[in-house]
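Next up, some structures in structure tokens.
You will see subunit A twice below: alongside subunit B first, and alongside subunit C after that.
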Partner chain A sequence: MSANSLPTAPPAAGITIRGLEVVYTTGQGQIPAVNGINLDIVGGQITGIIGESGSGKSTLAMAMMNAVPHPGKIVKGSVIIDGVGNMMTLDKESQRRARGRHVGFVFQAAQNSLNPLTRIGHQVLDLGRSHNVKDLRALLRRAKELLERMGMDADRVLTSYQHELSGGMRQRVGIMFALVLDAQIVILDEPTTALDMLSQASVLEIVRSIQEERGLTIILITHDMGVVADLADRVIVMYGGELAEEGKTEDVLAHPQHPYTRGLIRAIPRISGNLDQAVALAGSPPDLQTFVQNACLFYDRCPERMAQCQNHRPPYEIAGPGRKVACFKVMAK
Partner chain B sequence: MKNILIRLAKRIVAGIVMVLVVASFTFFLVRMMPGNPVSAKYNELIMRGMTPVQAMDAVRVMYGFIPHQPLWQQYLHYIGQILHLNLGRSISYEGVPVLHIILNAAPWTIILVTTGLIASFIVGVLAGVIAAVKRSSPVGSAITLSGSIMHGIPQFVMGLFLAYVFTTIWALLPFGAPYNAALTPGFNGPFIMSLIRHAILPVATYALSSYGGWLLTMKSSVISVLGDDFILASEVRGIKASTRLRYIAHNAILPLFTIFALSIGFMFGGSLFIEDIFDYPGLGNLLLHAIDSRDYPLMSGAFLLITVAVIVANIVADFLYSVVDPRIRR
Partner chain C sequence: MIEVRHLEKTFPGTRGLLGHDAIKAVNDVSFHIPDGGAVSFIGESGCGKTTIGRILAGLETYTAGEVVMDGQNLAQLPRRQRAVLLRRVQLIQQDPYQALNPARTIEQALTDPLKVIAKERGADKAWIMHRLHEVLELVGLDPDAVIYKYPHMLSGGQRQRIVIARALTVDPSVLVADEAVSMIDVSLRLGVLKLLRDLRERFKISVLFITHDVASARYVGDDGQMFVIYKGRIVEHGLTDEVILHPQHPYTQALLSAVPVLKGLEEPGPDRYIPLKEFGHGQPPEHACAFAPRCPYAQPLCGQEKPELVGTAHQYACHYPKERHVVAVPLSE
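So, the complex of A and B:
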């Protein structure tokens, strides 16, 4: 080490989630989209979140920012972001500054995330001014660099209106907005859905390289197991608003323990290799009826259910180093 | 920009065609009227002792076409006169050119309606934004209620009510006539003060009865924009509240622009009751008078002007919209 050694970089910011509950009030009743989740997002790593459609991934992500849209409501719990504090109890202004500045967010509808009446470049400036960025020219340069790295004509994009860009271009612009302020934590909710294979690759490449350069904490929500296998250090599996399983990516993908995780992985041809061998997950996602029962949420669909599973919810417990599972069968082994 | 001009040119051509269609319509309407007012007038003049030639000349000057000519010749003559801005002569104001009468009446209506429109637009739109943002609080509900009530009261009821309260119960303001007839019209203090005092009630009537519409439209527009994804996105990006409000207002006000421009076009019809109640010498009153006295040339002149105003407002609205909304620009 040289004499004038730099101060050691602060440990990357993680997120500690405790007892988080989010409910959507609808005509049919109360949907517990996030139901008492305890989760530690490890700083400086890429965490993948997988799960069926409707399992609550997006809601969990929005709740981490304390920005669940109406008619959703966070009814309980805390989200502590390192270097920011508890998003549930911070004053409004500090919350606002944390969003965007500390936590970058690309949300699922990223294609519609831009003001249709203002040029993209102006919106970058609006973002900078909102976060008191002094050097706005540098900010624009940074935006350009990011856009170019994602394979776009940056000058054209910055002078365009949203309607002049394709769906895939808008999605990448959304990603640029999440990265341009150099947030320590970046949450990406299905960032590649509207993209062709090539753009998908360029987007994932930039996510990976920026993560390496800056030691970011990334949360990546996706349905693509291949993406998870490629990028994620850890994987979280959600089912019916609860966590089913988590662990190191290799462990979870190679040795899934929860019957739901196994079903998910078997349902995806890209991992098991052969389209013929893909087996759709039987049954339908939990409904309001399932939520009020005291059984395992997966009971109706579980090929390995036991008598015990019908009368109790399995607790989410440690099942090995860095590994947690919510299943009686697994725990009984 | 070039595309905008092409668009504009197309709209103007379409507008001219529209004006001619309406003019033709009024021509035939007057001819088809029960008792055919043209030949009625002709006969009347003969009875008064004019020679047929004199009578025909007189009628031609009034209506812009010659009775007893074949219909198509009358029609061509009439259209030709209109293209020269000759709208004929009034019957009830013996012999005064219709255009002259209309141009005298127009400023009263224009000032009355524009002032009322702008005032109600500004207040209504601001109140609409507050009503939308605070829609779950008592303040928001109260504002919305005020809009619904104002919107529900018919214009003439509003006018009579204001007149009753401010001229009868509290005699604060003058009633009837556009200014105090004892003063000499001109650019002098007392006269201008009198003009303003006489305009307050008509303008207030117009403003109050359009306020509710602006408020309710703006409120629903803001609420729909608040549900848009880009507003949620700006929230998760930590955009400042003032900037977000700007985004919301800008997006929400666009649809109102068109309505605003169209209201300007409808101003001549829009103040009919008000001018009648307050005895204001604008176009609304003129039209009522023309109908009352069966002054057909004056009537068709007024209709023509209303048509032109609506068409021009349409074109202006369209043009403005393409300037303020980049999605239309292309």
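So, the complex of A and C:
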């Protein structure tokens, strides 16, 4: 049977982001945490968003749900979720229903966002009620299936409080909550950061297999290039609130174009190969001073900077099939 | 040189849902670190790594075994003499935020220990300032740029360098680095790892490197010994690259499999496997392999008899040791 004669599944939901701007107003000034981002999240794939601490990954994720907390504010832009609409213009109630039902999420430090005083099983029921789920038994059954699927003793977990679970177990419970209402889009913000290597690998393995099974659209946010390189179909590199580079994972890893992406990949400690090939990334992350300059955000740290880079921000442009890069040097080639 | 013989530490039992009986957190652990050498301990959360490090730094008692420094058994020394020796063992912990007082500048944080030493040696203020600059330069920081700063003004990598600089003020002969890079942004880790390696070579400082990440252990001590521990016991040890390239124990193989594979640059080793089950808490039975409940290669014997360490330079405790190819294989262009 040829590939074309297979029945085609309905295309999985994607997200279209245009001109998105989020600013935090602080005592020290305005922080452009997300600065004019245009991004298409492809449905049915795992998209990895990578960037160092403070690059705006969590802010971008929260903005996708129109849920940026004070003192942050979405000043511009649209986020269109397939099958839902523009999160910026929908009425509050439709937005609320979309969160959880269409888009499941595990925000960063989810360990703390689980309710400490309520057993996990009760929290599942509460979630169901707040989304008017009629058949709560079926919902609990689904929660149980998911937990077992992730290698856990479901009955024990459902009757536990969060403090009785290890970090790896809590992350799995977070993923269960994100999936239990059958969301087709799932946002995972640093799902493995506090975990040891083995727990991390097993959580990633779970994400991989559930994604394959259900054809979900997954957005995976992390500061660890290795995690993205292992799991994601596409990589988005963020730097100082803007996008630096994107493309298919294999392409980006094998042929990184932006000097920052190259630096990130070189800085990954490896278990084989020449030790001296690894080079630490020089310089420090952008600060308020960086944002007010006209220069490329990476200018101060860039080993390949040119005169032009000091006076303008490079535009984010197509640089090959499925690739985009914001770098004058790359464009000049 | 520091040497540990048949170290054992039993913690009394705890109560509650995750409560357990008395637990042998460290069980018959022996190793030595030559001057300027490195030894790494790898294993997942709860396997007893921190306990070993804290015992070495004199912060935790032990229930059996010996710790010998420069030929002297610490337990047999008078208190004062022991304290003098132990000061030369400095512990660097995971969280550089917690290790530094947020209300004190870097200069204050470093001059405190220097004042104590100056008093002992009858050195003056100029010596303190000289040494302050010296240790900061050693860890790769520009003294003039950081001494007036508070910890929150520095990046995670810079903060950990400050913690290392503070440890260096006392001319240590052993550094115990316990997950010293796991809270630092991945892009900055490599620099700190290289620094630790440098200190070994330049000052003949011995490093005990504790981590769950095999790759970072390799950067600090590819020429040293690697110990894999599971539930307080050594399950495999040998020269670092020997253990990484020719792992014999299924648990070592799981840890190596957990290192993310860089799609586009590598492909997974053919035998890669990731156990989804987390390890249960509590004390494993005396008459079985502790890893048996999670081991994909377990046979009936594994549940009946505890495997002892066998081999000469490279040792492993498994009834069915077998080299497997779990490490990622680089793609040839």
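The working rule: the second predicted complex is superposed on the first by the 314 of 333 C-alpha atoms of A that agree within 3 Å, B and C clash if a C-alpha of one lies under 4 Å from a C-alpha of the other, contacts with A are read in each partner's own complex, and residues count from 1 in each chain.
Please note the rule applied: a residue touches a chain if its C-beta (ideal position, glycine included) is under 8 Å from a C-beta of that chain, and two chains touch if they have at least 3 such contacts.
The structure presented is a predicted model; accordingly, all values stated were derived computationally and were not measured.
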| item | value |
| --- | --- |
| Joint occupancy of subunit A by subunit B and subunit C, clash or fit | fit |
| Partner chain(s) touched by A:Thr118 [first = subunit B, second = subunit C, both, neither] | first |
| Angular separation of subunit B and subunit C about subunit A, which is computed from CA centres of the superposed model and rounded to the nearest 10 ° | 80 |
| Contacts of A:Ile210 with subunit B and subunit C, given as first, second, both or neither | neither |
| Contacts of A:Ile80 with subunit B and subunit C, given as first, second, both or neither | neither |
| Which of subunit B and subunit C A:Leu90 touches, first, second, both or neither | neither |
| Contacts of A:Ala295 with subunit B and subunit C, given as first, second, both or neither | neither |
| Broader residue contact with subunit A after superposition on the shared chain, subunit B or subunit C | C |
| Distance of closest approach, subunit C and subunit B, by C-alpha atoms in Å | 7 |
| Doubly contacted residues of subunit A, that is, touched by subunit B and again by subunit C | none |
| In the complex with subunit C, residue positions of subunit A that touch it | 52-53, 150-151, 160, 164, 166-169, 195-202, 204-206, 223-227, 229-231, 249-254, 263-265, 267-273, 275, 278-281, 284-285 |
| Interface residues, subunit A side, partner subunit B - complex | 62, 65, 67, 69, 96-101, 105, 107, 109-110, 112-118, 126-127, 129-131, 161, 163, 174, 177-178 |
| Sites on subunit B touched by subunit A in the complex | 228-230, 232-241, 243, 247, 250-251, 254, 325-327 |
| Complex contacts: residues of subunit C adjacent to subunit A | 16-18, 44-45, 155-156, 158, 185-191, 193-194, 212-216, 218-219, 222, 244-245, 254-265, 274-278, 327-328, 330-331 |
